[in-house]
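Contents: one structure, followed by commentary.
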Amino acid sequence: MKLIIAIVQDKDSSKLSNALVEADIRATKLSTTGGFLRAGNTTFLIGVEEDKIETVLAIIKESSQKREQYMAPPINLDSPMEATHTYPIEVQVGGATVFVLPVDSFYHF
Amino acid sequence: MKLIIAIVQDKDSSKLSNALVEADIRATKLSTTGGFLRAGNTTFLIGVEEDKIETVLAIIKESSQKREQYMAPPINLDSPMEATHTYPIEVQVGGATVFVLPVDSFYHF
Amino acid sequence: MKLIIAIVQDKDSSKLSNALVEADIRATKLSTTGGFLRAGNTTFLIGVEEDKIETVLAIIKESSQKREQYMAPPINLDSPMEATHTYPIEVQVGGATVFVLPVDSFYHF
């Protein structure tokens, strides 16, 4: 048994939750504060047997790895005519930080 | 020193808190999100010396293990006369998931 | 790689956040419940390489260790004239509980 702690962006949180449920893997979500350190992240606690670790890591990677996304740029309110010249900009979203911790013992009461 | 991470249902959370306080064992409670994965659970972080592990596990088990409970069944609004025939139904409540983790070092500042 | 779990008083939380950002150390903050067990605390998860552990522990200690503070005593509303006789009282604030956990493996997706 290992304990996987995965920290993902809020925007990827329900995608990851759904993927874990589908794979029949139980997880607990911890809310993060609205603070300025990694604000808007969700922490998952996932207990897994050794032979499921690779599966869980693949699910986390698939659900939340860093990727490029195109968004509409913010509209310049000072010169709204400029808006007609704007193009979508590329931004980086997602990303996960994952710790796999050893577990001395595990109980289910 | 070990770190016990215990995840219990919200409904058992204050019972467990009280039992830990009474046994003079310090704990930190982490709130869980309102998400659909184990929604309504509370996570306890409990640092303990090896010789107290059995005591803490017994307290967690006593406070939150799975048990049957009788509840009034939901009333059938379509045929309210049926309510006179209903019996309490048995539901399963509670349950705890507990990880005991090794600790390299511990500090109290 | 180690995982440092640090539990500090809310009042020291932003000081610690700032100090970690300044030292270029990433952390995740978990909110605690408003419960009566260590209510008003914040839990930090900090992944660090072994050679940074002493630095992080020093930052935590510096930001949140127990210290005396003088506060105005509460005003006695029943006999407001007493307020003229009151002196600041010494109270103990702060304090941190810190676990350093071994990590089997670490991923950044």
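For reference, chains read A, B and C in written order, and residue numbers begin at 1 within each chain.
Definition applied: a residue touches a chain if its C-beta (ideal position, glycine included) is under 8 Å from a C-beta of that chain, and two chains touch if they have at least 3 such contacts.
Please read all numbers here as calculations on a predicted model, not as lab measurements.
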Among line, ring, star, complete and other, the chain touch graph is complete
Chain B turns onto chain C (C-alpha superposition, degrees, nearest 5) by 120
Whole-angstrom distance, CA centroid of chain A to CA centroid of chain C, is 26
Residues of chain A that touch at least two other chains are 30-31, 101-102
In their shared complex, chain A is touched by residues of chain C numbered 1, 3, 13-14, 17, 20-21, 26-31, 42, 45, 47, 101-109
The chain C residues in contact with chain B across the complex are 2, 5, 7, 30-33, 35-38, 41, 43, 57, 60-61, 64-66, 95-102
